[in-house]
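Per-chain residue numbering starts at 1, and chain names A, B, C and D are given in the order in which the chains are listed.
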Amino acid sequence: MNNCLLDIRDVSRSFGGVHAVRAVYSSVTEGMIKAVIGPNGAGKTTLFNLIAGTLAPHSGQVHFRGRPITGCKSHTIAGLGIARTFQTTKLFGHMTVLENVMVGRHPRTRAGFLAGMLNLPWTWREEREIRSRAMALLEEFDLAVIAEERACNLSFGQQRMVEFARALATEPALLLLDEPAAGLNIYETKALSERILKIRDRGVTCLVVEHDMSLVMNISDEVLVLDQGQKIAEGPPRAIQRNPDVIRIYLGEDHAANSES
Amino acid sequence: MLRILNLEAGYGALRVLKGLSLHVSEGEAVALIGANGAGKTTLLKTVAGILRPRCGTILLDKQPIQIKPAERIVRMGCALVPEGRHVFSTLTVRENLILGAYSRWSRKNRKDIDEVLEEVYSLFGILRERHAQLAGTLSGGQQQMLAIGRALMSRPRLLIMDEPSLGVAPLVVKDIFNTISILKNKGLTILLVEQNARAALAVADRGYVIETGQIVLEGTSRELADNPEVQRAYLGKEYQRIDE
Amino acid sequence: MDQSSQIVQYILSGLSNGAIYALIGFGFAIIYNATGIINFAQGEFLIVGAMTAVSLARVVPLPVAIALAVLITALLGGLVELIFIRRVREASVLRLIVITIGISIVMREAMLHIWDEKVRALPFFTGTDVSTISILGAHISPQALWVLGVCAVIVTGLTLFYRYTLMGRAMRACADDRMAARLCGINARWMVTLSFMLSAGIGAMAGCVISPLTQTQYDMGAPLAIKGFTVAILGGLGNSFAAVAAGLLLGLLEAFTVSQFASAYKEAVSIVVLLLILVFRPSGLFTRSDIGNLRAH
Amino acid sequence: MPLRRYAPVMCAAAMVVLIQVALSTTGNPYYMTQITMSAFYAMVVVGLCLLMGYAGQASLGHAGFFAIGGYVSAVLCTVNLLPYRDAAVLSALRSLGLLHIWKDIYGAEILSFVPWAAFVAVLILAAVIALLIGLPVIRLKGHYMAMATLGFGLIVYRIVIGTPLFGQADGISNVPPFPVGFGLQINGRAAFRVENYYIAWAVLLGMMVLSIHLVHSRIGRALRSIHENEEAAHSLGIDTYRYKLATFVLSAVFAAIGGAMMTHYNGSIGPSEATVMKSVRYVVIVAVGGMANLWGAMLMGVVLNFLSLRGVFGTFDDAVFAIILIVIMLYAPDGLLRMPPIHKWKTLLTRRSRE
């Protein structure tokens, strides 16, 4: 594919004797929402960590916009335009919602130690811009009313959204979402899926690990199925739902046999 | 034997269990199935005393145990095989098993403990073979057997298992489920939590389906296995059996 | 004294110092494995033990005084855990560090006010301060042999305890996987208290055996703790034989540096070693990678 | 926005003047000496507060940097180079005005560095040493970092006490005053008491202003985010290692400035400034002040050091600090002076302005 944003080539990673991710090939096309599914322990989060640079693969390579990013530090990768959210939200609890999102502007701004200490005039302008951009994002997410609230005081659903906004503040080309619907109720999940679609529409490619199948099947353009670290299937959601291997790992042998018959 | 009423629990701001109720009768095997993140593991941790519930009641033999620490609950005859096995990887297989009987350790129990150890060894022959090996060097399936064996060492009346098939090769999963039905036939009360719905419902008498911290379905294993709702929970709304 | 016997002399004094460092290192490792805390007050346990024994030795025979001192220090260790550590188990590392440092200073100042600044010493266990034994042409105090002997006994005892007793196994289980240990019915909190007692007791014993050789003063805990910590890190925190080897290595290194440099720099040696290890091999010199891997999960 | 930020600075400055006036008029001017010295110690505390409270790194070796500052300026200002006056290097330095000849109290001629040159050397040296120590040490976690910095502090102490150049146990005395310009000089004699009181406070409040700016800048936000959750900070493109290292160097430089000024003020420095107990004391003060609370740390730095210098705690000096430490850590880990968080003020102010 010519507009391939992320290319995962033969990536493997093991912990001790356990192969968490084994020889996975995959690619993400610009502008799509791709979902990664699989049972618990299938290696989904590990794959995310390998892309985001939190872990280094033992073998294989990851390319982003045609450039190899294997072995890069995660802050470098974030600077290149890959942002992520975490399975258990990792907000800066004692900072305000606004400050959280302002931190997200970090890779796109430049005031350093000396400039900060001396409070140079040009940093005022930058600071104003950081603030207004962050505020704009919060407004877009309908979070402006709680902008001055400490992040640890928010409800779980709100924390998810703030983390979302914070990741977007880095102006990523690719957004990695690790189980964004975990712990959300039905309405929040619905709002979330609309949110993800909106983000895609403004040009941010999304890679989503998710367990909520209705969410996955509703929004994704393509699904990658992992089991025990290996790729089981990859394709459009409809086809995945009918794939006998996928049914087998989710419902057991019998159902797979039924489906095939 | 075990009765849970309106249980609420969670971590920090996250409310995982939202007023959950279920019960397990003496001699029964009950399966609890549901997708990831539904709250299964949280429920078991709360029952075993690792996690404090926010509110609700847990009765074991009609005694409230929701405020008791894990150590006491084991003594009362309720053993948990945790998710992800949690064997003591730097201890030998035999040491792991012996520690399983820690709560009953005393001079006069000596013989009884040797007996249970013998029972566990005959249930899982591989553990006898590898008794001097470090538990961390066992394969995933063997570790799972060890975790079950360790729980059995406390001679529990209620055995709770959290995802015994997780990360275990398919052939070994079969072995493990065979063992579970052997235990059940011996009269042990079992609460089994599984993602592998099919296998779990095959050994259980009854089952519950848990979704976002609440029980959404309840019934005999057969009823649940044939329920389209169960399938929906796993494969998404649009999933329809091709033969329908 | 000729060249070779001088070398033997250095080796012997290095070994006996190293044995003490190993014992202190054990103290660190025992608590670290049970709780993940580095107990900065470990050195003070040595001094408390030795000082208590010195005071008791005036009224009861020496062996009884030492036994009582070890017991009292062990109880003190347990008390420290019950009062301070237990209530902050879930706290951040920074808080725990600061608390154990605070405890060490309070203990030191308390000792200053109880036993004043005077340098004290237990009597030699056998012989006097002038009696020597000659080995390969070198003359050493019989107390040095006591030090080596006590170290050997404690290492063996600890190994047997951890390997073959239910209590020892339970302590290892807690260190390995706290949640699983609780699910087995092990009271993890008491295991932590017990490890503080054990660690304080071993510290007190170490303090008593070196007291005749190096003498004891209220503020000697911190430098000893640094050395013990160096040894514990060198040995990879938790491997008893590696800790012994590391202790002896550090002892030898120090003995030879003293022969080359001013003694004021002697302490700097162990610190430099510590810094180098922290920088280049924080997992320790002798850590077996397989065990390391098992611990990581 | 700037007004709100500078209001506490103004208040502090007013307090400083008020205290001076009060002490002078009530005839207790000698209290000023201890307040001045407390201000020097508080400089270490301000830097350490940035490091511990904002970057989340504990250092148990900051007395080492204070001592480096003091000893380096003491040595450079007192070492007599007269016997080597004809060496090419020295004459070059003399022509640059970095060396001068002065007479000590016994009237002997001494050729040594001018205090300004020594001061610049202190800044550079402290930064370089902090960088070299920090490069490996900042990578370490929790206990290891604490032990490594403790080890660094001990090495400084050992070097100071074991090297004849540093006067061993006696330290270095007869350090000349430091003419800082505008006709002012750092000098401990009674005649200069008020002048030095203001010099010390001007420098301390200057450091406070720089620190406050930093904390409220993009970098400060990044530092706080590192403290809260390092993994998340990383994922937002923050190079945590570099920022922690830079903060470490900055705090070391602050400490060295305090040490250098103190040495010129007292005219001497001794090894007691380099002990582990001193390092621990700085940590205590930051903890009591509330970790990430610059004003709390500064205030506590002045108050506790003042009490200690006045000898209020007697022979229980160290014990008092340790007990304060334990009690604070057990019962009030956020510090005694938990000021309402800055954003709360913000809401108060904005609300009022909208009405």
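Structure notes:
Assume a contact is a pair of C-beta atoms (placed from the backbone, for glycine too) under 8 Å apart; a residue touches a chain by one contact, two chains touch by 3 or more.
These numbers come from a predicted model, not from an experiment.
The chain with its C-alpha centre at the largest distance from the centre of chain A is C.
A count of C-beta contacts for the chain pairs C-D and B-C puts C-D on top. Distance between chain C and chain D, defined via averaged C-alpha coordinates, is recorded as 35 Å. Computed centre separation for the pair chain A/chain C is 48 angstrom, with centres defined by C-alpha atoms.
Centroid to centroid, with C-alpha atoms defining each point, chain B and chain D lie 58 Å apart.
Our note on geometry: chain B versus chain C, Cα centroid distance of 43 Å, whole angstroms. Residue positions of chain C touching 2 or more other chains, listed in rising order: 293-294, 297.
Of all residues in chain A, those touching 2 or more other chains are 16, listed in ascending order.
The set of chain B residues that touch two or more partner chains comprises 136.
Across the complex, chain D is touched by residues 37-38, 84, 87-88, 91, 93-95, 97-99, 101-106, 108-110, 112-113, 222-223, 226, 229, 233, 262, 264-265, 267-268, 271-272, 274-275, 278-279, 282 of chain C. Remark: chain A residues 16-18, 39-41, 88, 152, 154-156, 159, 179, 182-183, 185-186, 211-214, 216-218, 228, 237-238, 241-242, 246-247, 250-255, 258-259, 261 touch chain B in the complex.
Of all residues in chain A, those touching chain D in their complex are 52, 54, 73-76, 78-79, 83-84, 86, 90-96, 99, 102-107, 109, 111-113, 115-119, 123, 126-127, 130, 148, 150, 166-167, 170. Within the complex formed with chain A, the chain D residues making contact are 210-211, 213-214, 217-222, 224-225, 228-229, 231-240, 246, 250, 341, 343, 346-347. Partner chain C is touched in their complex by these residues of chain B: 48-50, 69-71, 74-75, 79-80, 82, 86-91, 95, 98-100, 102-105, 134, 136-137, 150-151, 154.
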